[in-house]
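Chain naming follows the written order as A, B, C and D, and within any one chain the residues start at number 1.
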Amino acid sequence: MTPPSSYTYLGPEGTFTEAALLQVPGAGGARRVPALTVGSALDAVRAGSVDAAMVPIENSVEGGVSATLDAIAVGAPLRILREELVPITFVLAGRPGAGLGDVRRIATHGHAWAQCRTWVDTNISDAEYFPASSTAAAAHGLAEGEEGYDAAICSPLVAERLGLAVLARDIGDVTDAVTRFVLVGRPEDLPPRTGADKTTLVIPLPEDHPGALMQILDQFAARGVNLSRIESRPTGQFLGDYFFSVDADGHVEDARVADALKGLHRISPGLRFLGSYARADRRSPAVERHTSDDAFAAADGWLGDILGGR
Amino acid sequence: MTPPSSYTYLGPEGTFTEAALLQVPGAGGARRVPALTVGSALDAVRAGSVDAAMVPIENSVEGGVSATLDAIAVGAPLRILREELVPITFVLAGRPGAGLGDVRRIATHGHAWAQCRTWVDTNISDAEYFPASSTAAAAHGLAEGEEGYDAAICSPLVAERLGLAVLARDIGDVTDAVTRFVLVGRPEDLPPRTGADKTTLVIPLPEDHPGALMQILDQFAARGVNLSRIESRPTGQFLGDYFFSVDADGHVEDARVADALKGLHRISPGLRFLGSYARADRRSPAVERHTSDDAFAAADGWLGDILGGR
Amino acid sequence: MTPPSSYTYLGPEGTFTEAALLQVPGAGGARRVPALTVGSALDAVRAGSVDAAMVPIENSVEGGVSATLDAIAVGAPLRILREELVPITFVLAGRPGAGLGDVRRIATHGHAWAQCRTWVDTNISDAEYFPASSTAAAAHGLAEGEEGYDAAICSPLVAERLGLAVLARDIGDVTDAVTRFVLVGRPEDLPPRTGADKTTLVIPLPEDHPGALMQILDQFAARGVNLSRIESRPTGQFLGDYFFSVDADGHVEDARVADALKGLHRISPGLRFLGSYARADRRSPAVERHTSDDAFAAADGWLGDILGGR
Amino acid sequence: MTPPSSYTYLGPEGTFTEAALLQVPGAGGARRVPALTVGSALDAVRAGSVDAAMVPIENSVEGGVSATLDAIAVGAPLRILREELVPITFVLAGRPGAGLGDVRRIATHGHAWAQCRTWVDTNISDAEYFPASSTAAAAHGLAEGEEGYDAAICSPLVAERLGLAVLARDIGDVTDAVTRFVLVGRPEDLPPRTGADKTTLVIPLPEDHPGALMQILDQFAARGVNLSRIESRPTGQFLGDYFFSVDADGHVEDARVADALKGLHRISPGLRFLGSYARADRRSPAVERHTSDDAFAAADGWLGDILGGR
């Protein structure tokens, strides 16, 4: 897999998503094109106009896991290449020269507003909320002289980029909050196995099968593969039809994961493989001896002897 | 359970959430108080200032399932009393006397904007997006003379209430879209069993237990109880700790559901019961003979004979 | 449960089965009636002419586990009251005054002969085998002057009782061999829980159910109940129909065992409970917290609160 | 696999085991050597002095399933090549010229005696039992002038062979009784797949693994492989250690069976494969689409594409 040389990301400039992208080795010096939506970022990868796209995937003030994974799973195949965890810290930014006493109306995204309400109520309880489509958009508006508000809640990155005055730091309720982002490329880019990997799948529930969830999960359990995330999602087409979105510990090049995937494919041939990639937390799963690559190789050899009459 | 006589709901007036509340028999003539957030609506129920709260729970343009269920699960106990499905249809509303040709800037919530983009691009491609905190807020702003925009994408209900001009109907991409809402009351309100019920639970993953998900799901499977929704959620406190949010078919007064809940409680004593209530789609689950109330009663009698030396 | 005061056992006098009975506290001074077959011993208990019967159950030179359990399971209900392990040691017995050099023909049961062949081949290789219906019958024949043979392989007990000359001791191949016997009474005799108990069941496979074995075993696994023995048996009536004979760790008065038994009864109402009784080896099972009696009581209380609207 | 040209079987001549062997196509005209014990029959195959051995395996009046399977599983590898079902019918045989009224003492194996007691009690209630080591041995003794008895209960085959008088036919309690026998060869003889096959395995329980039985059975269930027999057996060496003897539906050349065997080998590397062979009853298992050979091939192809970056 060649390292990507051009990227897109959910913009505008200065979002937490761009911060995630800048954590990728080499991305700081590469071409970076902001995209308006997750969908258009992914389409740019599919069309080949960029090599990879950074998009938010979980708990984000800028998006949710489901919409992003749905967008990856539908259409021409894509692959998740890596995940990044970004600490979420908010600053209150004003125009250069402004002070905390000047703040009357604060623009930001609704989720960010919710997370900073305690600080606002305590420190500038008269300030009103002005909804913006993203924290970065609020900051850009402020820098460009938008008149409806005089402060923005945004990331430290965008405040610094735009030369805004930082009136207060770390104003969110939750300290140590992190958000997960994924870098998405094309199918020919399968990241190498690191020993601390994650595999993301979308698994349709086989049609006429009531106990099918247990059957699906058993494919993982029977090979000692743990799941770190599971979510049932309605297919949207028919009432009562579901698919499952899961993250499994391990890489498709691990024998136990490959074997589980083959088992899943037999049960649910519409299965989508969204990628195997290094875990951001670098935690290796505990692999029991009987699900190690060695145990798989030994079993293959043993069965070969039987079939060969030995 | 006495029918509630006063309600709150996620406002402002005219949201799809109020539309959901108006589907509840008797709610049209009862006191209805809009709330600013899901959290404040639930707090009003806990405090006793209203009897019940209608809040959005799934796929909503006004909120997501996770945040709402988290808010129900934390703090003083609440109970889900019923669910309502509301068809989601969007109208383009303008000021009285306006026509489609006058529309330059359209206010609405980001999700609603995403769902109506195709129609906008086809019919009024020059129009710009103006972010609002909700579709109803956009409509109210328009009615109150807010100057930043000249049209709103909102529900038919709010457009009619406020006397706005409906410039176009059914402008969303997805026809037949429905959103799920739940009515939330206090623990003493356990809805009666109807035979077509749903039980919502929040189940922490027991601490030091790697294969614990299968163990949890097996409590349902062993009693023939199907799940219609499952979602793993990080607890937010420790990396690697999870809980599960599930909807199970059946009512806690069904013997098989009661037995599964007791099994879950033994494994995960921090389990939260969020309610048993009638399914909006009125579909009864297929109950196998061996998980019927009769089979449970027969087994109890048989064991009693053994313990009694008969 | 009143201690039995009269017993029967698989005879004749001096069998390993009588040795097992003599291990029961109080049985040495009680009335002991030998029976010709396992079936007639059990019938005597059913008819009330004795209180309990000692019969061989496993790996025995005098019978097999299956036939005995089948005999207990069919007909009027009986209960296993306790199990006894008896060390199996063989002696070569001759008529008073005889020496090893006089032995030409040796009578014994076929199984005992098989287990002593190595010794015979090494020490008196010319001796021939004379089949007998039991080791004790061979010894009795010798004492009574039966002419077909001049030595018997039998238990030390019967040789001593009949005043035979012991020509050699411990002549079996397997040192430390033990055989299991069970004492069988009537249903009103449920032995008290000791904390190191075993429960024996006969479970018919539900008729039209292909994956039914897993479903049956899951009733134990879901309650943390281990099995120490499992055996599938054809019902004998229809090809393809099976039942299972199992020993489970624990006593029917343990909440986890009672719950498993109720689960089994729902699936397979023809289930037979053959008894809960102290393990001969006195080993207590490791009980996980979530399957303890306390966990069951806590879960019952929790569910009661929900149903009571608390 | 070349058809065997020489056979051994559990003798003496005229046993039900020889009757089973005569059901094998071509065996009637081949060399047939009786063996004294199951063990010596199997040793003759291992040593190469014969090509295959017919031995009793289930419910037999001449042996039990456990002892035979244990003998196959220990020592140099052997393979079960086919199974035969033989109807078990007993005749009462006397010396030429004798009538029913002459019968005083009847020789036979203990199991046969038990099965014919009802007939004896009804028709010649004065007759005594004389234990013999096999039904065939009783018949041979009669033909050779053995003096201890004047009739034998034996198979019709041996009575006819030895020219004995058949005094009564079908004297067993159970009509339609059948007994199962297996033909055993060497590892290079793997019978071809017929579509209605059976695979016999011996699976040690992995040492430090309490829930290991479910884990073992799940390897079959996860691949849709049914079991037609399961039996736990103590290893004999350590208290608390077990192995399992099972018959699974299907042939090792069926992809689902091969995959299950590999899964078992990973868990329990001491697994013994005793053979895949045609079922005597010719019943084909119902194979679900997702466990068909086609589904396995499709899954292999799909995974190959992922690993190849397609």
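In this text, a residue touches a chain if its C-beta (ideal position, glycine included) is under 8 Å from a C-beta of that chain, and two chains touch if they have at least 3 such contacts.
If you're wondering where the values come from, they're calculated on a predicted model, not measured in any experiment.
Engineer: Determine whether chain A and chain B, two copies of the same sequence, contact each other through the same residue numbers or different ones, counting it as same when over half of the numbers at the interface appear on both sides.
Structural biologist: Copies use mostly the same positions to touch.
Engineer: CA centre of chain B versus CA centre of chain D: separation in Å?
Structural biologist: From the centre of chain B to the centre of chain D is 61 Å.
Engineer: Any idea how many Å lie between the Cα centroids of chain A and chain B?
Structural biologist: Computed value for the inter-centroid distance: 25 Å.
Engineer: Which residues of chain A are in contact with two or more other chains?
Structural biologist: In chain A, the residues touching two or more other chains are 218, 221.
Engineer: Graph shape for the chains shown, where an edge means the two chains touch. Line, ring, star, complete, or other?
Structural biologist: Per interface graph, the chains form a ring.
Engineer: Which residues of chain A touch chain B once you look at their complex with the stated criterion?
Structural biologist: Touching chain B from chain A are residues 37, 59, 64, 110, 114, 129, 131-133, 137, 148, 174, 210-211, 213-214, 217-218, 221, 226-232, 234, 236, 239-240, 242, 281, 283, 286.
Engineer: Which stretch or stretches of chain A touch chain D in the complex?
Structural biologist: 187-190, 206, 218-219, 221-222, 252-253, 258, 261-263, 265-267, 269, 271, 273, 290-291, 295-296, 298-300, 302-303, 306-307, 309-310
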